[in-house]
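Two complexes come next, and they have one chain in common, chain A, joined by chain B in the first and chain C in the second.
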Partner chain A sequence: MTRHILRLLAFGLALVGLSALPAMAAFKLKGEPKIALVIFTQKNDGGWSQALDEARQRLEASMGVKIPVVENVPENATAIRPAVELLISRGFNIIIGSAFGYSDTFKELSEKYPDVAFLNPAGITNGPNLQSFYGRTYESQYLCGMAAGAASKSGKLGFVAANPFGLVNWTVNAYALGAQQVNPNATVTVIYTGAWNDPVKERAAAEALIEQGIDVIGQHVDTPATQIVAQEKGVYATGHHRDLREFAPKATQCSSVWVWDRFLEPEIKKIIAGDWTPPAYGAFLSIKEGGTDIACCGDAVPKDAADKITAEREAIVNGKQVYAGPLADRDGKERVPAGQVLSDADLWKMDWFVKGVISQK
Partner chain B sequence: MAEPLAALDAAPPAPSRQSSRMTVEIRQTSPAGQRILIRGAGLLIGLAISVAILAWAGVGLGNLANEFIYAIFSDSRSVASVLVQMAPLLIAGLAACVAFRVRFWNIGIEGQMIFGSIAATLVAITDFGPPALRLVVMLMAAALGGMGWIFVPVALKLKLGISEVVSTLLLNYVALNFLLHLLYGSWQDPKSSFPHSEQYDAIERLSPIGWENVTLALPLALLLALILWWALNISRFGFFTRFVHANPKMAKAIGIPVLGVTCAAALLSGALAGVAGFAISAGIEYRMTQSFFFGYGFSGILIAFLARNNPIGVIVVAFFVAILFVAGQSLQVFYQIPGAIVQLIQAIVVISVAAAEFFIRHRLKWTK
Partner chain C sequence: MADFILNWLVVSPAFAVPFALAALGLIVAEKSGVLFLGAEGFMLVGAMTGAGALITMGGHPLLALLVAMLAAALVSLIFAFLVVVLRVDQIIAGLSMVFLCQGLTSLISTQQGWTNRPISGLDPIALWPLSELPILGRLLFHQDAVFYATIAIFVAFHWISNRSLLGLRLKAVGENPDAADAAGVSVALYRFGAVLCGAALIGLAGAYLSVGVAKIWVDGMAGGRGWIAIALVIFARWQPWRALAGAVLFGCIEALIPRIAAAGIQVPQYFMLMTPYVATLAVMIWAALLRSPRTGQPAALGTPFVREERR
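== the complex of A and B ==
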């Protein structure tokens, strides 16, 4: 029965694909390419936005172009629209966004300006001239989880996370799965702060975790507060967004880092060359495709563990899946059958935790 | 030891008759023309300081007026952007204005906006009421939502004497966390499982008026300003608020229903803030997002302050603040001025205009 439904589904998808084909002509840029970046916070926020701005600087250097940046454009249509339209009126025709909250407005603008290419990290809307993209951060967080498992003496890891939904939950689970590669009994106690950028809450969460005897803390929030607390208290941590050794050189053992330029440079070259056809569901980048990667490892990770992490990274680049079956959640319910891989749709909806994850709920 | 004592006994030196000094005097009257002149001077001084900073940051003076004013008003898209931005600012300004008229310091406009939007979104996602009246029901729900959220600090103030400055401010955070609870929980978009509400249907959106992205939110805001102007400047209620504003004790002594007037104005303020949330969700974003309210609370307070709590003044000031927002972006886009300098300039312009108020009430005089 299931197979029957699947076949029907595949047939349906093929039909959709066929009917969509004629409309999917490659996007053609009009006029000289002019690239600009629009950032929703400050470009030097130490995390997400700064990673994007650093990618912009690397693109400027490698492509030999000037890419201006407009910062402090909050995730509201009233702010995004005029900023982007001002850029377009000045001849900019490749606009890079920076936020989930830009999704609707970028969609609307991409329809209004079909000759302008829109690229939006963390966005969820797509079109003939609009591409959202995000990284498979569970890959890099899995590797950092391995580093954390290796650095931990107690086997008790912590995790400071922003909000409980798919793209945060998958980093938490991957972190636990990675740690358990090194130490099968490792647990990950996760605290959700309910905010992306709240150093005060992040500090409180990190301190609470350390008081429970946790000796390595991972994170998926926007500030380096977790690393800084870990260093103050003499424990270890792993970072997100950027190499957080900048803020806590002793404590930071591994960081899941954005390498957007590895994805953006070939993408922008395709746009300029006129053979860019954005995929209907955006780009969801693995380490292989650029987007996410790791900066590893710190002194507390033994040499053999570090080698194992390097080998595992290689395996992932060569196609190893983090969320491969058989995989059950912490209540024993099967989530991925043997021989299968968790689908992207299920990743985005992930609301369950693997064994060893201890959460508030 | 003896010397200081002797010094104390000595008479203070007589002021020199020749020296002149500057004194501050309170103005007895301030004609309208003079007030406009003083505020204009404040604006000019603020702009002059801003120009100096921009020149220092590397913007050519010759281009500045051209880019700053001509670029905005010659481009219909930019004018539309200003007007789109102006609508919610105007309503938030009105919300602050009516509360300040009775000295109820409502710092919780953002929290009330959140509850206004939550109430409107509840109507939208449950498809409550007949489709033809959906928007009206959403508008009423938003007003009630905002009113309900301000009712708590109003009650706390009247029953327990708790300062509304503290309670309205802190309730903003409660409202924000409730919003996030909904958006990360049961109200997340069922289409994408992402943390914003589902999109409003076409009938649940304030329709465009046919020019760029300007929607009915703008006429709604202007209409509310006119109604509030009538309520505060013509009606008996407005007459009462002037007494309450001037001196609540005296107002009570001469038989003004101080309690009723204060409550009504505060609840009206919450209702207007709720409508501001509705204007953004139904007129701009077409769904409830996580940060739609951000910054409107303090902008609203600022606008009401600069407009001297006059609804017609609020229209003018909201327009200028919207220009300041859009112009600030154009500075970043065209000159790569860092965002922080743009915020600095916006603050300088606002402070200069606000400081000019001092010279409306006072004058400096050289005395000889």
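== the complex of A and C ==
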């Protein structure tokens, strides 16, 4: 998880700022479609990979096909190449990856096997038969922030995050903006643990936040430790990756969840139908296009707030922008002028915080 | 402010204990002359087994810790066999144990479904009437059983190492195995025993991470703490009390980092994440300036023993 997301920054740079290549001919699949998923960790990791595997299971049910999964294929060419080539030799021609670290090898394989379609979440490479994709998680975290703001009595929210860079910072800022929709004075104290998968540090962070009187904690790390601490201490939390009510049913009020199947199903159908032309810089999916969504709400969110969240989700689906101007950072500097929307390039390099976010430098 | 400091110090032992136990485990093994680089792996074995035992068997968490110690000792049989009997290079054997344990714990926990399952954990025990003391009572006499056990283990090791024949022989095997062998001490037996005991302590350190601190098992959760323990041992020059002091230092800093952030104190966060290592460097420089160049490293560390071998 760490590496593939860390280097997503580069994905951002690749996505934007460059002019589109000339339109390419649609990809044509040879033979019967056979789909397989290759995962870089174990499939039931409780977070990122498990969300992908659950999408696979839903795809199997809705499309009526078998989609086998290969687990624990680490993010290096010597591991990926034989696993994928074995699948291809057995007739699989739609290969779904799972990690940033697959980018280069998938690119190389997609050139070697032009008749095979490659799809890679969190990847940064694209081609005529290769497409990378990621979700606009700030939309779902914004809605979770609303739930947190509604569930909080003190107006003091916390957030346990991994590392301070664009795709984490955009969830923190969106969380604060969402909370302030419900409670204009809400603050979000964020702690960066410096690791994606260290429940010891996450617990310490959550406990420290609760000691400071914080009563709802959001998160963007890979384990449910934050939720579990919240439940132990009788406060609330919101989750990331998957519906974390599974681990902390009382505490979890809302989760930002991956719903890859909503994006993958139409995409795979296009591949099968022969009218799939991957965009030159991959797909950056909003709630409307699949990818990310919310599981909401817990019983600490009042009914009217829950309705407001549903309405706001609807508005986002209909085009409402979380990072719409005028928007200033917490030092008062204007970041998005009125009438404009923060560009994708600025999202990926976001290193500023909105008013109400309390963090270290 | 007083509350802040007290809250911080009260939770610090929980972070110090894993470092202290792992470092002591390494010292036990290395006093016998076996270079032990597998700490990270054995912490994982302990962490996973502790959580797994609690999930599958229930019962008292202390029982789970005991099972974890046994499991780590059991896995260390492989390492002991490699380095003591087959005399494989100890660096390579130690490192490969880390990878073996990473794979093994990942495989077993996946198949058993132990990942991400919340577990009950340890409750603090108040040592009445000492627990009623102001400040010190909360700090030292209202902790969980493993905290008290850690202190007892350190005292016991100090006594064994300095006051008993067993300790003398252990050190002899590590310093000069030929002399120990000539005196009728079984080098192989002592090294085997030291590796097993050391691994059990490291396993306890790992189990405390999952059962006592995080109350959850996730893949690879030792998070480099085994490597830090190795650094602690070098920094402590193989002396247990210094290792304990180093562990307390690391524990206090690890507990302080999130508290500074939560209190909204504006300190550059990368500076904070760096502090434990800066502290280590500072103490090592101080120690180097202050003392004689003797490192305290067992003289035969890393050298396989072959009876009557010419050197």
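Everything below uses one rule, namely that the second predicted complex is superposed on the first by the 338 of 361 C-alpha atoms of A that agree within 3 Å, B and C clash if a C-alpha of one lies under 4 Å from a C-alpha of the other, contacts with A are read in each partner's own complex, and residues count from 1 in each chain.
Note that in this section a residue touches a chain if its C-beta (ideal position, glycine included) is under 8 Å from a C-beta of that chain, and two chains touch if they have at least 3 such contacts.
Treat the numbers as computed from the prediction; the structure is a model and nothing was measured.
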{"item": "Combined model on chain A: chain C and chain B, fit or clash", "value": "clash"}
{"item": "Chain B versus chain C as contact partner of A:I214, first or second or both or neither", "value": "second"}
{"item": "Touched partner set for A:W260, first chain B, second chain C, both or neither", "value": "neither"}
{"item": "Partner chain in contact with A:D45 - chain B first, chain C second, else both or neither", "value": "second"}
{"item": "Which superposed partner A:F118 touches (first chain B, second chain C, both, neither)", "value": "neither"}
{"item": "Partner chain in contact with A:P164 - chain B first, chain C second, else both or neither", "value": "both"}
{"item": "Which superposed partner A:D198 touches (first chain B, second chain C, both, neither)", "value": "second"}
{"item": "Partner chain in contact with A:A83 - chain B first, chain C second, else both or neither", "value": "first"}
{"item": "Which of chain B and chain C A:I358 touches, first, second, both or neither", "value": "second"}
{"item": "Touching partner for A:Y142 - first (chain B), second (chain C), both, neither", "value": "neither"}
{"item": "Offending stretch of chain B which, after superposing on A, collides with chain C (from 41-49, 167-175, 275-283 or 329-337)", "value": "167-175"}
{"item": "Intersection of the chain A residues that touch chain B with those that touch chain C", "value": "42, 72, 164, 194-195"}
{"item": "Chain C-touching residues of chain A, taken from the complex the two chains share", "value": "41-42, 44-46, 72, 158, 164, 189-195, 197-205, 207-209, 211-212, 214, 222-225, 228, 231-232, 247-248, 358-361"}
{"item": "Chain A contact footprint on chain B (complex, rising order)", "value": "75, 77-78, 81, 84-85, 88, 177, 180, 184, 188, 192-196, 199, 213, 280, 284-287, 289-292, 294-295, 325-326, 329-330, 332-334, 336, 338-340, 342-343"}
{"item": "In the complex, chain C residues that touch chain A", "value": "7, 11, 15, 106, 110, 113, 115-118, 209, 213-216, 218-221, 223, 254-255, 257-269, 272-273"}
{"item": "Complex contacts: residues of chain A adjacent to chain B", "value": "36, 42-43, 68-79, 81-83, 85-87, 89-90, 100-101, 104, 124, 163-166, 194-195, 348-349"}
